[in-house]
Every structure is written in structure tokens, then in C-alpha cells.
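I have a structure here, written as C-alpha cells, and I will follow up with some questions on it.
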Amino acid sequence: METIGKSYDLIAMGRSSIDLYSNDIGAPFEEITAFAAYVGGCPTNISVGTRRLGLRPALLTAVGDDQVGNFILHFLRREGVETQFIPRKLGRRSSAVVLGIEPPDRFPLTYYRDNCADIELTIDDVLATPLADCHVLLISGTGLSKEPSRSATLFAAELARQGGATVVLDIDYRPDQWNDQRAFGVTLRSALRLVDIVIGTEDEINAAMLTDTTQISIAHSQISDARVRGDTDAAIQQLLTLGPRVLVQKLGATGSRVHIVSEPGEGETRRIDVPGFPVEVQNILGAGDAFAAGFIYGVVNGWDWYKAARMGNACGAILVTKHGCANFMPTYDELMTFIQDHGGF
Amino acid sequence: METIGKSYDLIAMGRSSIDLYSNDIGAPFEEITAFAAYVGGCPTNISVGTRRLGLRPALLTAVGDDQVGNFILHFLRREGVETQFIPRKLGRRSSAVVLGIEPPDRFPLTYYRDNCADIELTIDDVLATPLADCHVLLISGTGLSKEPSRSATLFAAELARQGGATVVLDIDYRPDQWNDQRAFGVTLRSALRLVDIVIGTEDEINAAMLTDTTQISIAHSQISDARVRGDTDAAIQQLLTLGPRVLVQKLGATGSRVHIVSEPGEGETRRIDVPGFPVEVQNILGAGDAFAAGFIYGVVNGWDWYKAARMGNACGAILVTKHGCANFMPTYDELMTFIQDHGGF
Amino acid sequence: METIGKSYDLIAMGRSSIDLYSNDIGAPFEEITAFAAYVGGCPTNISVGTRRLGLRPALLTAVGDDQVGNFILHFLRREGVETQFIPRKLGRRSSAVVLGIEPPDRFPLTYYRDNCADIELTIDDVLATPLADCHVLLISGTGLSKEPSRSATLFAAELARQGGATVVLDIDYRPDQWNDQRAFGVTLRSALRLVDIVIGTEDEINAAMLTDTTQISIAHSQISDARVRGDTDAAIQQLLTLGPRVLVQKLGATGSRVHIVSEPGEGETRRIDVPGFPVEVQNILGAGDAFAAGFIYGVVNGWDWYKAARMGNACGAILVTKHGCANFMPTYDELMTFIQDHGGF
Amino acid sequence: METIGKSYDLIAMGRSSIDLYSNDIGAPFEEITAFAAYVGGCPTNISVGTRRLGLRPALLTAVGDDQVGNFILHFLRREGVETQFIPRKLGRRSSAVVLGIEPPDRFPLTYYRDNCADIELTIDDVLATPLADCHVLLISGTGLSKEPSRSATLFAAELARQGGATVVLDIDYRPDQWNDQRAFGVTLRSALRLVDIVIGTEDEINAAMLTDTTQISIAHSQISDARVRGDTDAAIQQLLTLGPRVLVQKLGATGSRVHIVSEPGEGETRRIDVPGFPVEVQNILGAGDAFAAGFIYGVVNGWDWYKAARMGNACGAILVTKHGCANFMPTYDELMTFIQDHGGF
């Protein structure tokens, strides 16, 4: 990775939203009386998370010419995430998410992403962003769900790699954003040639290798947390033949597991198990993005895989105890204290 | 009006939404930290308003197969509004509104209506609703904004009139729901042949007769409250040649004015000024719908225009002192007490 | 009708196409080896027909930025139809029709009208056309099928009437251009307030008053010639209460029948039967448009209804003996000779 | 290649159309009076071409429920191409092409592909086709232009490779089928991981590696023949690192050139120049598809690259002397006679 003189540690590309999270913890969705207003979206969360840890991130998303767009931009600027590459898309709507919170395991969710602004990111928007001037480009699976964002995301990955950046893909599997779940898999597989590091849960890894829709089940409108059956070990092996050299498997409370290609072209991989931190769950949404923020912090700083993933685990652990996503990302000091209090790296 | 033996006093047709209203009264939109969760949408508000006054309303809207749809239906059922004619539209989203509240005059608003369920109402949905079995059909301008709802709304009005019902149109002018503001006018004018009573503000009456977009101005994203210049008296006269026999002009704090065709075909009209009730404004949204609920209560009960409009004025006055729309509609007793306390009818 | 000083006798608004008509008369569609290339589309045919009779028509259609658009414009200019108000719609396609010819009664047809240019006519296009400067505005039912053409067509009719023009509506019922056939009826009925004279076949008159889709049947892909059952006499009476003062019923070989409102508002009508001319049918497509051209010629010249309709009958009779539509419209001399040879007016 | 017991020598997947080709050779488009009716579309042409040479091809395209669909299927069945896997897409239109012919170098063309049936091919359609039971799967660039065809095409290629088939990609670059020309390149590059053999012209090879739209120019509406500048040698080298082991460069009258990866992973390639056959050009459309048919004949029969490409050159040479595409593909005997008459292989 050519890092000397790069202006941004991270460019995160993809969706953003106003996240409206139930203030009536435990109430069924129909009984909710108020929602807290946060900012969210996988790449947005990751950009804020890395900023709070001290990195220099830019976000390439898009918002509409509406109040919600103002809300999102206002938050990002206050956080110090670079917003100058974010276009306003006239006639398109800033995304929104409405979420019920019934711990430990029901988080029903409705996306407002029809005609949304961030899926309108174009190759021209990509060309207006300094992709050769970052250490890491973070893209996400949802960014590949529809045109023109799909082509723009692939184009961004090409440019970033040409510029020497590391391309990280968060699988970010959201079934309701895809007309055919098998299209998710085949699209993702075709994108992997441009990816160095993949991050996903077991369900997401299975979804990425999916060929049969009967593998999927979604309970309680939890579109952000579909169950996808499959031979996960085979899926991991297959995925690592398609381009990436590292696959980070998020394991929830257990921690994470890093799969690394030993010899490119030879098909051999090794794995590192990285333990998690025990905490009480309030809201799982955003925990995976917090993990990614911590892990990318390690990647940018040249840490070994174990330490980077352990940093990610700590970030995720803190976030599950919180109400929202981006607004609750831990700072560097908060994170270091947490890790020390839990036995260190 | 043939009222004997009708099952519903009112069938209200058109949009519905989850209404997310700022809990930080006075805060600029970017600084909002939480939203109260209500139900709204012009015809939905009116159906709830008439129910609380004791009428028997049914609502013909549509919701998506999502949590927000559950939320809307749950509220309506609790209120006692008939929901059996409301279809679920697969692949469509229940509408949402996000609103800032900065009294006395800034209520910035973002609609989530792209690909929304209620605009997917079809003629088949209309045929599944007993339009010959109501006293009043209430339709709204937004229901005419896009297909298939536009044709379905016209079809419903035809059926209702054939069945002897009174057709009331709430102009409900929402500029961002129309690709061309002049299309709003020409579409509305073509619908008036099927309408008995029109309800609107001065701005809305001007919009209905609009031919030139320079007449319109929208401040502070107040899409629900566009300013439309024009010769309002001429607009009223023109409107009353196109079908309706009554036009009710809502005048805000001042009250309302009822314009009545004296001799059909002769072009003569008379007007009745109906004073309002002085109150302190918290949130103007929904006040017009409260007016319509009170006014329709009078129509169904065969009251004279003055008393019906006075009832509407009282309803609206109470609502502007409240935080939301449907959830805050006054009951009959509440309303009667308010009117008595303010000098009676 | 204020005719003095008007620049155009007719402005015809609506669809245009390249018409590809089988050169293998009698062959089933699958066996066709070549198609003749003509120009067509109801308002386009009528504009060319009136031009050949000596009137001064302008056409308000739209074409794409493609070869077929060049083809259509080239033909219109050669004919002397005014084309300066015709916009090119970038990214939209000029319409096309592919037609099999199996006399006497099978004319299977495929429309290419997806994303077509002429349905993209806007209110701005209408405002750029001198609608106050014509004697007759001809609109068609297909122009009401989709936005933005629908609103633009209504807007044009409003402007034309304000300018003192006579508005003629060709019902032009094409089932495959409507998502719901009942939407055709309700839309047409709402447009009639702006129409002076309606032209249609018995099937089309029934379709305009349609409320039940089981009335319709389409044989042999003859989208231009759907059968629509109904009580035609009742439909005629109903239609004449909705605005028009004259309804011209095209009767094919039999001729035509003109229905006239005797006393506006009283519901009384009288009718005039106008005999046709016996000829051998080659291709019925375009015959109705030829009728309209001849009839409008009479209207512009202030002829009585009988003579105008008889002129229309003659025009139609000549055209059914021909292979195509616009390209075969008779000239004034040709028409007069034909009428004289067949017993005069 | 596992060929024993396979039911189909070729499954060709992608577009089909009625091809309407000017019968007025040399006339400018505006002056055309008639069009011959043929069948076309890159994969369709190739399927017919291989059938005439004696192979057993199936075509996986889609047609609408319209007369043109009947026309296309009727022709394919007469030719003996397997059509049982071709779905009818309700509400979608069979594609059409309208072409002017002004030799030697102007062939202006208008595609009718809005809302077309063949781009609606789905993964379900792919799963209903025996992709494991063919020697060669032929896909084309246009099939990757829009969803759901894009995902379905990638899915088909995955299945075919799993089944042991050779995947051939005809680049088939049609600029007007892509919203952004750079999206063409990035999409194609992501598909190449699934491709064994690529066929394209110099312009198409440059387009596949395109990153800058200023490289493209289109003259005379020749959408089937865009000029794309670029460093073709570099493009060829780059393309051969992305998956395919063979790239066949079509050189028009000059013949063709086969580029072969010597050592996978090493980046070394060798090339074979294969001379063409001198003929007089009538219509270049379809010549490339004829080449592909001849070349695939060689591949299926296990010929060396030189002989296969020479077979392709002969096929293409014969076709440029003809008026249309699929309808004029040479038979095996015709081709062998032609090759012998021109000096043999």
C-alpha cells in the first residue's frame, strides 16, 4: 500500500440515511411513540467510526435536495468527515430507515430507498473524487444493487487499485434491495476481482456464494439480518479464489475470524481466530460497521490481522450496547480504555 | 343525498402515512434529535377526525407489506375507522413524512412517497369498496397526481355519484407530487365535473386554476403550504362553473368562507363568512383536515353551511394547538365544550 | 368560430409513426417478406389529409433523435404540413407500427410505442405552439393515455378554446396503450368538457363510456380495431351530456351518422344519417383518419353537418382502397371527381 | 471440453429482432420506400449460422406476445434452431431494427429496444435451459447492458463453465444500449472471469477496455459500428489478463487475428494472423456474426485456431455480399465451395 502523502486514509463509498430508531425499547413496532434521529448506512457509519478513531476519512455518498439531506450533511461535517465529494441529486430522496428495537433479537426495519439519492452515484461522481489519493477504498454490496451506482462502484474500485489503494468490500447484504437474490451473488462474485479484503458475517458469505434462493430466510422484517444457509467453509474457499486475499468473517459475540490466502493461485488459506468481548446487547444494527471501522484503523496503521480484527471486535462490542450507529461510534480513547478493561489486545 | 340505510357516513380515499414530527419544537431540522410517531395524510386525518366526532367512516388507502403499514393499520383499527377495504401493495412502500416544527411559521417537510403504496390504488380496489353505500365520498388532489390512483379516484367519484353520495374534494395541493404544476391545475379542473363540494385554502384555489408556474413560491421546504398568487375571486368564480355547487375557502385564523352557486348554469354565487376561533399556533399541519372533518360532520347531519363551517373552524382551531394530525383530532364532546367556551356556534 | 386572420386551419396534436405495411397482401404475418414504409398516426394522418385538400395544417407531435424521426419530418415537409412546432425528444424513440394485411378483415398489428417521443409532449411544447391561432384543434384519445402528453393535451384544449378554436376529439381507442381499459373511459369522460366535436366508431363510443372490461374483445392482434359491446344509443346520449355538442359516428361502408345536441342542458339530440360510398376494401387502417380530414375540411369551410360528413365518407372510401394511410390521402380534385362519379354530395 | 453426449453444440444467449433492411440500396434513409423483413440480433444470427453449417444450436432469447415474436419464432423453427427455451414476455415487445443501406460505408440504424423482451431474460429462464448440456455457450455484450438480463447472462456463464462448456463472448458493443459508455467497459471487464474466448473488432476491444468517453465517435447513426480509439495492443494484453485464454480480433476485409495466452498467469501471448477473402461489400451488418458462426463451428469440431478463424473469415466474406443477416447465412456446402474457389483453407 502506497500511503505516503495520501490525503485520505479512507474513502467510503455508498449509502447514507437518516436512521430513525425506536425510543420505546422493547415495544412492538405498532406501539412505538417516538424515534430518535441518527445518521446511518454502512459506508457512512464506517466513515464516522474511523474519524472518531482519528483517521482522515471522506465519504462518497449522495443526498437529495431535501431537509433529510441537510440533516445528514450537517452531522457528517460536525464529525469531521470530508463531505465535499457528496453530490446533491435533484429529484431524488435522501434515504431513510425506520427501526423497531426489541432486544435481544428482534429489530424490525423498513427501508425508504425507492428512488433514493445514493444509488444515483455515477462514474462522473467517482471521477470527481480523488480515488488515487486514499489508502483504503471501502465499497459495499448494496452499492452494487442498482445502476448507476453499480458501475460507478466498480469503476471506483478500478481507479483505487490503479492508484495503489487497498479495496475493502463490506458485503452489506440487504435482500430487499435486490430483485433476485441470486443476482446478488453473481454480481458480487464478478466484483471480487477488484477487492483485496472482504468483510461479512457467515450469512453474508453464504449469500455472496448463493445460487439457490431456498437457502434464505428472513424473520421479523429484519432485512439487515437475513439468515442464509450454506456450506460456509466451501463458500469461504470459493470466495478466496475470486480475487481477495483476505476474508474477515464477523462472528457476533464470539469475535471474528480472518481467512488469508497463503499462496495466490494455489488455493491454500490459513485462518486466525480473534476472540470478542462479552457485553449486553441493546441494538445490533451498526455493530458490523463499527467492527469495520476498527479493523480498517488497523489496516491503515499496518497492524497484523489479529490486532486489527481485535480492534474491530472491541468497536463492535461497544456499539451493540448503544442505541444507534454512526452517532455512537467510540472514540480512540474510549476504545483503548474498553480494551484495557477487558484484558487488552 | 340518499342517506337512509347507508353503511358508511364517509368513505375517504387517498394517501396515508407515518408522520414523524419533530419533538424538538423550535429546533432547526438539522438539530432535531427525536421525532414523535403519528399517522397522517389528508384523507386519513379526515377519516379519523370524523370518527372521533361519532361518524362511521371507512378509509380507502393502501399500505405496503412493511412495518410502517402495520403501524398505520393498527392505529386506524384502534380508532375505529373501517380498514377492510385497504389493500396491501407488495413491493410498494407505506408513505412517510418527516417534519420539522419551528412555530409560528416554519414547518419544513420531507415526503417519502416514491413508489408509495397509496398511489397504487386501482379501479379494482375501487370496485371492491362499497361506494354506493356511503353518504359522502372524500377525494383529494394528491390522489390525482399519478396513475393508477388518478383514474381510480375519478372512477370512485363516478360510482359514488351514481350511488347518490355527495363527493367532496379536498384540493390538497402538494407541489412536489406533480412533475409540472400546470398539470395539477388542468387535472383538477377536469375532475371537478364529478365534485359537489370543494375545500381549499386561497393558495390551493389559485393553484387549481393555475396556468402559469411563476405564480407559485415555496419557502422553507413547506411543501404542504405553497404560496400561489392569483386573482382568487376570479378563480373562485371559474371553479364554480366547472361542476361543484359549493366551494369552502379555508382562511386560517380568520375562519372560513362558503361560496355557493345560486342558480346552476347562471354563474351567480353567494357567500357566507364564518368566523374562526382565536388560539395559539403550535403546528399548522392537519388543521385543514380537522376543518374538513368538522365540516363533513355538518354535511352528513344536514346542517346549514354556516353551522357546518363553524364546526370545521372549531375543529381546525383545536388542532393547530396540537403536535400532530390524526392522533390529536378532537372528540365530539371536546369540540362542543370548546365551541361553548368560545361563544357557541 | 373566429376564423379571420388565423394562421392555421388546423393544429393536429398527438402521435406520429413510421408505418411499415406488409407488401405481401394476404400473407400471414409470419410469412411477410417486405414492408412498404409510410407515415402514420391518427393526428398525423389527419394533418396530411387536410393539407392535400388545401387546408393549412400544423402538426404538434414529437419525434426522437433518430433516423425514423428524420423520415417522418421529411415526409411532412414534402407534403407541406407545418412542422416547426414538432420537438425532438432526446433519448426517446420515434414511434413505429408494423402491420400485416390480410383482407378483408385481418390486419394484425404491432405498435412500437415504449418510451416513444410523442407521448413526451409537454405543456411547454404546447405553450410554444400558437393554439390561439387556429380554427380547429384536433386531439386524440391516445394522446390522453400517458403523462406528460395527457396533461399537455388537456392544456392545449383549454388554450384553443380560450382562443376561440373548435376542439375536435378523435376517440382513437388503442387498448394496448392503456394499463386499464376502464381508465380509458374515465379519462376520456373527464376530457370531454373541453371538446366541441367527437369522432368515433360505434366500438370507440362504447369504449369511451366503458365501465366494465368484459365488454371488450380483440381479435387477430387488431389493436386498432377492438370490438366493444354496449348500449351504443345510451352511450351516445351520455357522451353528449358531458360537453360536446356534436358526435360523429363512423359506420364503415354504411357511411356516418351525426348526432347533434338540440338544446344545451336539455339532453335532446337529433341525428343525421349520411350515406357512404361502395368500394372494395384493401386496408381499413387510416380510413377513419381520412374521414376526419374530409369532415374537418367541411367544418373549417362552414359547411352543414351533412355535407361535411359526406365529404368525410368520400375521403374514407378512397382510403380503404389504398395500401397505407397518410401517403395515400386524396387531393381535393381527386376527391371531387370521386364524389361526382358516385352521385355527388 | 466435455463433448460426449452433449445435446447441443451451442447455446446462444441474448437478443433477437425483426430486422427491417432497406430495399432501396443507396437511398438516404428519408427516401426509403420499402424494407425487407429478416431476423437478426447477434446471438440469433450466430445460432442460425451454426445451424446452417450443420451444428445443433439452441437459442435462449425472449420475444413479446406479439406478431413480431411469432415472426421470429417461425423463422427459427423453419431453420431448425431449438426454440423451446425461448420465453414469451407479456407486456414486453419483441425487438426491431430498422436499417438504411448506403454502401460502401453508411448503414444508418434505429433500434427499437425500449422495454424489449430479450433484456427481460431472468435467472429462472437460465435455470430452465440445459446449460450443462452444451459444448459452447455464446453470450454477448448487449446481454450485459441492463437487468435482469445482465445477472442472468453472468449466471448462465457460471452454470455453463461448471458443466464443462466453453464460454464465448461476442463483445457486441452497441453504444445506445448503455447509459454510460464507461459502464460498458467496467461491466464487461467484470464478466471476463467467466469467459474462455472473446470475439470482437478493434473498436470493440478498445470499448471493452474503455475508461474515457472521448475515445468514442459514432458517424451516420451507425450504432452497430462505433469508432473507438485506443491503444489496441495494450487493450488486448489487458483483456487477456482478466480471464479469457483466447481473443479473436475481427479485421474486416483483412481477415482476423487470434491472440492466445501462452502461459496462464505469466502474461505472455502469441498471435496468429488469418487472411480474409476479397469480396464486394453490400451490407456489413451480420458479417461479424457470420464469422462467429464459422469460428464456433471450428471450435466445436476441435480445429486449430487458424483453421477455425479461416472458416469464420469465409463465412463473414460471404455475408457482406448479402442483403441481411440470419436469413443469408451460408450452408456448409456453400461455404466449402467458396473456400475451395478462393484457394482453400
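For clarity, chains are labelled A, B, C and D in written order, and residue numbers in each chain start from 1.
In the analysis below, a contact is a pair of C-beta atoms (placed from the backbone, for glycine too) under 8 Å apart; a residue touches a chain by one contact, two chains touch by 3 or more.
None of the values given here were measured: they were computed from a predicted structure.
Student: Give the chains in contact with both subunit B and subunit C, ordered by label.
Tutor: none
Student: Can you tell me which pair among A-B, C-D or A-D shares over half of its residue-numbered contact pairs with B-C?
Tutor: A-D
Student: If you average the Cα atoms of subunit A and of subunit D to get two centres, how far apart are those centres in Å?
Tutor: The answer is 39 Å.
Student: Subunit A to subunit B: how many Å between their CA centres?
Tutor: Using C-alpha averages as centres, the distance is 42 Å.
Student: So, what's the distance in Å between the C-alpha centres of subunit C and subunit A?
Tutor: Taking the average C-alpha coordinate of subunit A and of subunit C, the gap between them is 57 Å.
Student: Got the subunit D residues that touch at least 2 other chains?
Tutor: Residues: none.
Student: Connecting every touching chain pair, does the picture come out as line, ring, star, complete or other?
Tutor: Ring.
Student: Each pair of chains that touch: what are they?
Tutor: Chains touch in the following pairs: A-B, A-D, B-C, C-D.
Student: Which part of subunit A faces subunit D closely enough to touch in the complex?
Tutor: Its residues touching subunit D are 122-123, 146-148, 151, 154-155, 158, 179-180, 182-183, 186-187, 189-191, 193-194, 211, 242, 265.
Student: Residues of subunit C touching subunit D in their complex?
Tutor: By the definition above, subunit C touches subunit D via 18, 20, 23, 29-37, 66-68, 70-71, 74-75, 93-94, 96, 98, 100, 108-110, 112, 114-116, 221.
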